[in-house]
Amino acid sequence: MIPLSLILLPFVAGILSFFVKSDNGSKQLALFFSIATLAVMLLGLCVFNQSAYHHFDVSWLVSLGSRFTIGLDGMGKMLCLLTAISFPIIIAATYNNKYKSTNNFYALLLLTQAGLMGVFVAMDGLLFYFFWELALIPVYFLCSQWGGEKRIAVTFKFFIYTFIGSLLMLVGLLFLYYKTPQHSFAIKDLYNLHLAASEQNFAFWLFFIAFAIKMPIFPFHTWQPDAYEQSPTAVTMVLSGIMVKMGIFAVLRWLIPIFPDAAAKYGQLIIILSIIGIVYASLIAIKQDDVKRLIAYSSIAHIGLMCAAIFTMNSIGLKGVMLQMFSHGVNVIGLWIIADAIEQQLGTRKFSELGGLAQKAPTLAILLVVLAFANIALPLTNAFIGEFLMFNGLFQYNVYFAAIAGVGIILAAVYTLNMVQKVLYGNTTTITENAVEISGNVKWMLAIITIMIIVFGVYPQPMIDLTKDTVQALIK
Amino acid sequence: MNAIIFSALLGVVMMFSGILTTNKQAIKNIALVCLTLLLVANLANHYEWYSIKIDTKQMFSFSKYGYFFNTIAITATLLYVFVSGDDIVKVGSYGAEYFALIFFVLCGVTILSGYNNLLMLFLGIEIMTIPLYILTGSDKKNLHSNEAALKYFLMGAFSTGIMLMGIALLYGSSGNFGIETVVNITAGTLMKVPILEVIGLMFIFVSMLFKVSAAPFHFWTPDVYDGAPSVFTSFMATIVKSAGFIALITLFANKSEELGKLWNILLVIVIIATLLVGNITAVFQQSVKRMLAYSSIAQAGFMLFALYSKNDIARDGILLYTSAYSLATIGTFAILIKMDDHSINGYNGLAKSQPLLAATQSIFLFSLAGIPLTAGFFAKYFMLASVIRTGGSAAVYLVIIGVLFAAVSVYYYFKVIQAMYFKEGSAATSKITPNFKFALLVIAFLIILFGVMPDTLLGLFYF
Amino acid sequence: MNKLVYLVPLFPLIGFLINGLGRKSLSKSLIGIIGSAAILASFVVSVFLFIDVKAHGASVVTAFNFINIDTFKIGFAFQVDQLSSLFLLIITGIGFLIHVYSTAYMHEEKSEHFARYFAYLNLFVFSMLLLVLGANYVIMFIGWEGVGLCSYLLIGFWFKNNNYNYAAKKAFVMNRIGDLGFLLAVFWLIAKLGTVNYADVFAAANILSKFDVTAITLLLFVGAMGKSAQIPLYTWLPDAMAGPTPVSALIHAATMVTAGIYMIARSNVLYSMSEVTMNLVAIIGLATALLSATIAIKQNDIKKVLAYSTVSQLGYMFLGLGVGAYTGAVFHVMTHAFFKALLFLGAGSVIHAMHHEQDIRNMGGLKKKLPITHATFLLGCIAIAGIPPFSGFFSKDEILAAAYAHNPIYWGLGVAGAAMTAFYMFRLYATTFLGTFRGTHDQEHHLHESPKAMTIPLIILSILSVLGGLVGIPEILGGHHELHQYLSKVLISEKAHHIEHSTEYMLMAISVAIAALAVIFAIVHFSKKPELKDATGIAKAMENKWYIDELYDAVIVRPLEAVAVFLKNIIEKSGIDAFVNGVGKFVNYSSRQLRLVQSGQVGNCILIMVLSIVIFILLWFYDISIIRLVDKFF
Amino acid sequence: MNITQILFWFLSVLALVSALMVLLSKNPVHSVLWLIVVFFAISGHYILLNAQFLAIVNLIVYAGAIMVLFLFVIMLMNLSADTEPQKNVWMKLAGTIAGGCFLISACNVIYNAQNVSKEIAAKTALLNQGNIGLIGNLGKVLFKDYVVPFEISSVLFLSAIVGAVVIGKKEKNKV
Amino acid sequence: MPIQYYIYLSLALFSIGIVGVLVRRNAIIVFMCIELMLNAVNLLLLAFSKMHYNTALLTNKETTAGTEGQLFVFFIMVVAAAEVSVGLAIIVMMYRNIHSVDVNFLNRLKN
């Protein structure tokens, strides 16, 4: 029942929100339901943690061999937790932002949450595909309607790009469907499928391109900086905090177990691409003049590392990936909150126009510094654990790859500190002269994120344990 | 048989209803009642409550499949009249006659869903198209309408000539007009197939491709769809086109493997050409109506997948496809008719002035684009699935080409959504009645319903 | 008793949290007290631990499982042994003095920044304690990066000045380069041994191949290069003088930069297995010692001189490690901590008195105005110059002796470096304290001795500088080398002892004599007429640090930036993104072209239909070869 | 060569030549007249094939009714060679070539069917004899087996009637 | 008469019809050419009808084989008549509006 309520709560709330007329009403509704979702998730983790509560199955589309099967495994729990935590934080942190037709905004946001939850719990190929798209459509509307100047073209590029990917995935799914003896989309049937090498090599790419676009890894990434830049920040948080994890998640859940041979065959190629992406994105990030674009490229670099670590197929590395999915989600949301706070207040995101905020807004400065160091995976922040484990996996796969990817660590320090310096330090500019401290809700949300960063950085073991079953299944 | 007889008779009733009343609303209501009657008659046949039994001497072979298609076609027409009825009677001063013609078209459609003889195929197509020539030209003072009617007529007559030549050659080879002889004769292997047979079959095929507007026989489509009064375009692009596909499927779906392979070469060329022309050309269109015309070509390309794969899934899928496509297109056209400006820019800001219209329009466009949880998705799904079912990597490549074009189609469908939701403007519409809104909601609801539970639709009537 | 080890890092952490969170509400005095008390408490615990270790030996305390994956386990564990307990004392002891000193030195700051400063300092001590207490390489790495972070924060403490920020960033990035090496070494260990615990690693070290050991130790040494400012990663340290002077004293002299030494000393089992690495360590150390000494000779900024001197001394320590004199290196770490902290704090006192004037050319004659500072500074200079019986003599001599045993050339160069050290230190001393005052009138008017909170730490440190060497009096001078005995449990005993006693006496004498000569020369030369003119020739190159920064800029930084710009503007915009957009544009373009086919003329349409039919016929009936081809394909 | 064959050839040549003249005449009225000649020639063929009923129907329906309708329309519109729109030469050439290609390829197929696959070799159409083309026979079959299409074709006429009304009738109220 | 003569004749007539459709601009002439095509088909059907009759006659003297072909011709004529009425109505309607029967005159629907 837990996974079902995780989907239904935001879904129902989203539908309701379309009909709430008052702006505040819809905000409160969204906040309430997102917190309720979080509560359900926590209950599921702590109280109702028997597996009976974590599976749900009804017949649906019987003639097509698909069932409404949802379930939570370790990785699913982790990502659902991330989603459940992120949304209240996002909604609360951007609570004071003004949107035209507020109710629609929050409705779409909640629908996105429902879609994301669905992706993480789906245990049926077709169902997974549905949620994959369901998560995309509201985002399309959110970005196109409430985004920046070039929003329409940029969002459209993003949409078409991902849509092509998911259509290819659909082709792949159908291909698999007819390969299963009982013509079924159920995940266990797909897992039991033993495809011939040529079939694997071929269908692997159909899936992988979809996921690679979503993640995104080099060279499928060009939609991302534009989309992040142009989207309303609340949506950007969803995009980069959670949605890119869909790609990673999907690789772990749908790609590797189904195409083990192809994954082994093309793993090296993908790792090389990912590593090129790490260095490439990091270098570009150094030269960015826009907070959002910088975070976007930094995110590409981080995702590249995760992707590379996946294909090492190393138990330690895989745990790192799963951990990092959570950590990166939390951290990057924090960074976006700050970016949003700055943009809302000062109306600019350009480094060249910012500076000296540490004098005007010390709390913001401290929180940004914490987040920045989490972004570069300083020890005792949550990101360190993930990166440490991932690098470990990568190292055991190939020393040189690890070393080149390690350049990313150095470059990450360069661009992140660039950002910190240009935003916070130095003298104030005409724009930042009258800057004031961030508002209370932003502060508290960032504080929560900071606490999570530290707590999971110091004591990651519960999270690691959560991933155990999934990794074991993958390695086998 | 019920449907054929009833549609003809009710057409006559409609013809004469124009004498009894000149009240347009009344005419529309009569048409609705008649359509409901027709639907009931067809369902009666379907569920074997009551059926008129006539010895057709193998002219027809009725099946559940055909009945189901009739149900879809009639229901779609019912919805079409429900949502656009007011606009039908507004086209010219012959409201009742237009409805009569629509009934005659339906008669042709029902013939095509159950024909078992090339003569009936010929007659069915003619019964279906001749009223359409008239409907296309019904806006008599409008030169566009004139032009469209003339073009449609000349090209239609030409393609009829091609088809008749095909039938003649086929007859020369087989000696009769039953379609099972077609099946039997083509069941040989490549080198043993009678050449007359094959060339005759190909002429028929070409002519049918013309009817369903597949490239490179599609040239009439954009001009005719664009020139015809929008209400009738809606009808032509949906129900009539679907009937063409059903006729094609009936004729060609049972061919042998060996011939099938050869057949597939032609089909693949046609499919790719159709997808290419339809999708790519639609991208540039500024007029929504013309864009929909090209998109209907593109949709035809997808439906041709069913012909390529020729399996059960294709047969089921084409039904779902026609219903999904018809629903969405009827809805889209209904809204288009209400718009003052038919260009894409004319939709700017519709979401503000008419949120319900914009929302339902979006659902229709989603369905056309094949976004999940709309009927259109499952329609495309079935098509893709049927092709993949045939196995082989060539099939997968074909499907990949198909989905790439589907992505292109998203480009132009979403231009309308962008205009409605994200662009500033004051989209002006003519008066929107609550009835109209209700009708749109019904269509949208059906689209979502089929998108969530497509097997309910199929299972309800068919399995 | 050893359970108390938690408390050692805990106190500074608590201090950090209190000062960090309460920075707006706490008063300055309270902040100072909290900050210092936290360190004092740690110091007290450290003393107890030290005694405990001395009595009962080493132990490992695991707080909790940090990372625990199947068989791969990393505990959040502390190792209290001879080496770490010694470092604990140095860190907390000197740390405490510097905290006390800072309460006065930083008193002009607003209370908010004052609190921030103490929070950072406490955090730094916390990290440093983690570094030395960790029972495995991962915990050490946590501290390792932690001190890098604090260094970054403290160098950029006055964040309004962008030059300081650049310096801070440079420090952090260079440290990161080293950290990558460290990290790779850790991965190597995990890959080969599956563990990172010191005990397990050292126990299993002999199963490692020669190549593995060399690689691991080299990579670890890269880490040490970054943290301990060795060639080629040393340039951050002089720039790091941008931070407040007590910070320089604590971080960039006494503690953090010695982390590299600690790490290599800690890994001595591994290092001893690899000749290559040992030689490289020695060579790099020696080269650094000499290079930075030459630079220090021509620096005019009081802190810069001390900074390069630090780099140079660190070089000595690496020389010691490289030649196997682990104890000597650690000994030098200790004595260096005393006198370099003293020197920096003394410099701070001078700067404080001179109202943030740092150029020694504008000083002179401060002897009278700042008597305590002067006296303690002089003691510090003597100590660093290696004049017996001050502490620097013993430690440096131990390293030099070991170097001689290893290779006499090392010794020769080392002595040359020592001479340079003596020379520039006394150049500094003479220019600053002797002669006449050369500053502005205003400065002269306000010259005054620093408050007690600053002078008392100076005095304590000067006592330590003087007497600190006594724990390691070598046997030939009649001592027992207590330190050596204490550390012998954890450090492999060096091979330096096979030198003849007579040789050793002679070496000592030579080095002392040369150092003394240098001292005298410097005092004579600079007390009366300090060099005020701009340097030319080689001197100018030395003054400009051999243009190493410029070299790095031209060879690494600028090409990297150029590549970044190239990637951003060319590859990303005109390459990948242009391709992606190009697909869209192509569709649009082909749409525009394809639409022209639709001429709308009935004749044309039918013409195309007829031609298509013809083509169909041809395809089907004639081109058997095409059909065969396609047939094969389908 | 007997009289039937002579007639066959004569009628064939007549039909072809007249058909060509339909295209080549500039004056639409001449085209109509030539087309009537074609229909007569074809009716002649029908008679040769002993299909009297169809021959008569062909004459009545086509030559009699349809062509007269055409003629009326042309006269009504007062079309003549002067008003006749002409395509440019290239289009005409392209059209002719396309038609020629069609003819050649189709004939080639038939040639193959006759000489390669032999499926229509030695098959002949029976001339002068056989009574299936007589009205009695046709009527029986039409009202026995083909009654359904016969009835259904009435729908066609209905729609044609409606169409003539809808399209042909002049609208009173101008839009 | 050997059947291929009829086939060739019909195809020739059919092709002439096609060429007519392609080269003429007068809508009425174009339509007439289409009628010509239909007639070609009629002739072919009839020829085939007698061919099948001839073949069947070898085994059965009373055969009615080939009747369908003739009836089909009949239906084609029926349809053609209906088509002509509608077609001419459309052409007349166009003529009323633009006073021309040129099929290329109206070419407003582009893009």
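We just call them A, B, C, D and E in the order they show up, numbering each chain from 1.
Heads up, the rule we're going with is that contacts are C-beta pairs under 8 Å (C-beta built on N, C-alpha and C of every residue); 3 or more make two chains touch, one makes a residue touch a chain.
All of these numbers come straight from a predicted model, not from anything done at the bench.
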Hop count on the shortest chain-contact route linking subunit A and subunit E comes to 2
In terms of touching chains, how many steps apart are subunit C and subunit E, taking the shortest path? 1
With chain centres defined as mean CA positions, report which chain is farthest from subunit E. C
Which chains, taken as a pair, are joined by the highest number of C-beta contacts? D-E
Let me spell it out: compute each chain's centre from its C-alpha atoms, then which one is farthest from subunit D's centre? C
Taking each chain's centre as the average of its Cα atoms, which chain lies closest to the overall Cα centroid? A
When the centre of a chain is set as the mean of its C-alpha atoms, what distance in Å lies between subunit D and subunit E? 5
Taking each chain's centre as the mean of its CA atoms, subunit A sits from subunit B at a distance in Å of 42
Find the geometric centre of each of subunit B and subunit D from their Cα atoms only, then give the gap between the two centres in Å, rounded to an integer. 31
Suppose each chain is reduced to the average of its Cα coordinates; what separation in Å results between subunit C and subunit D? 101
Mind pulling the residue numbers of subunit A that touch at least two other chains? 160
Within subunit D, the set of residues that touch 2 or more other chains is 87, 91, 94-95, 98-99, 102, 106, 109-110, 112, 120, 146, 149, 153, 156, 159-160, 163, 167
Touching two or more other chains - residues of subunit B: 119, 123, 126, 130, 133-134, 137, 140-141, 149-151, 154, 158, 172, 195, 199, 222-223, 284-285, 411
Chains touch one another in the pairs A-B, A-C, B-C, B-D, B-E, C-D, C-E, D-E
Give the list of subunit D residues in touch with subunit B in this complex. 106, 109-110, 112-113, 117, 119-120, 144-149, 152-156, 158-160, 162-163, 165-167, 171-175
Residues of subunit B defined as touching subunit C within the complex: 150-151, 154-155, 158-159, 162, 195, 198-199, 202-203, 206, 210, 216-217, 219-220, 222-223, 261-262, 264-266, 276-277, 280-285, 392, 394, 408, 411
Which bits of subunit B are touching subunit E when the two form their complex? 119, 122-123, 126, 130, 133-134, 137, 140-141, 143-144, 146-151, 153-154, 157-158, 160-161, 164-165, 167-169, 171-172, 175-177, 222-223, 226-227, 284-287, 290
Interface residues, subunit A side, partner subunit B - complex: 60-64, 129-130, 133-134, 137, 141, 144-145, 151-152, 156, 159-160, 163-164, 167-168, 170-171, 174-175, 177-178, 202, 206
As the complex stands, subunit C meets subunit A at residues 20, 64-70, 72, 76, 112, 138, 141-142, 144-146, 149, 152-153, 156, 159-162, 165-166, 168-169, 172-173, 176-177, 179-180, 183-184, 187-188, 190-191, 560-561, 563-565, 567-568, 571-572, 576-577, 580-581, 584
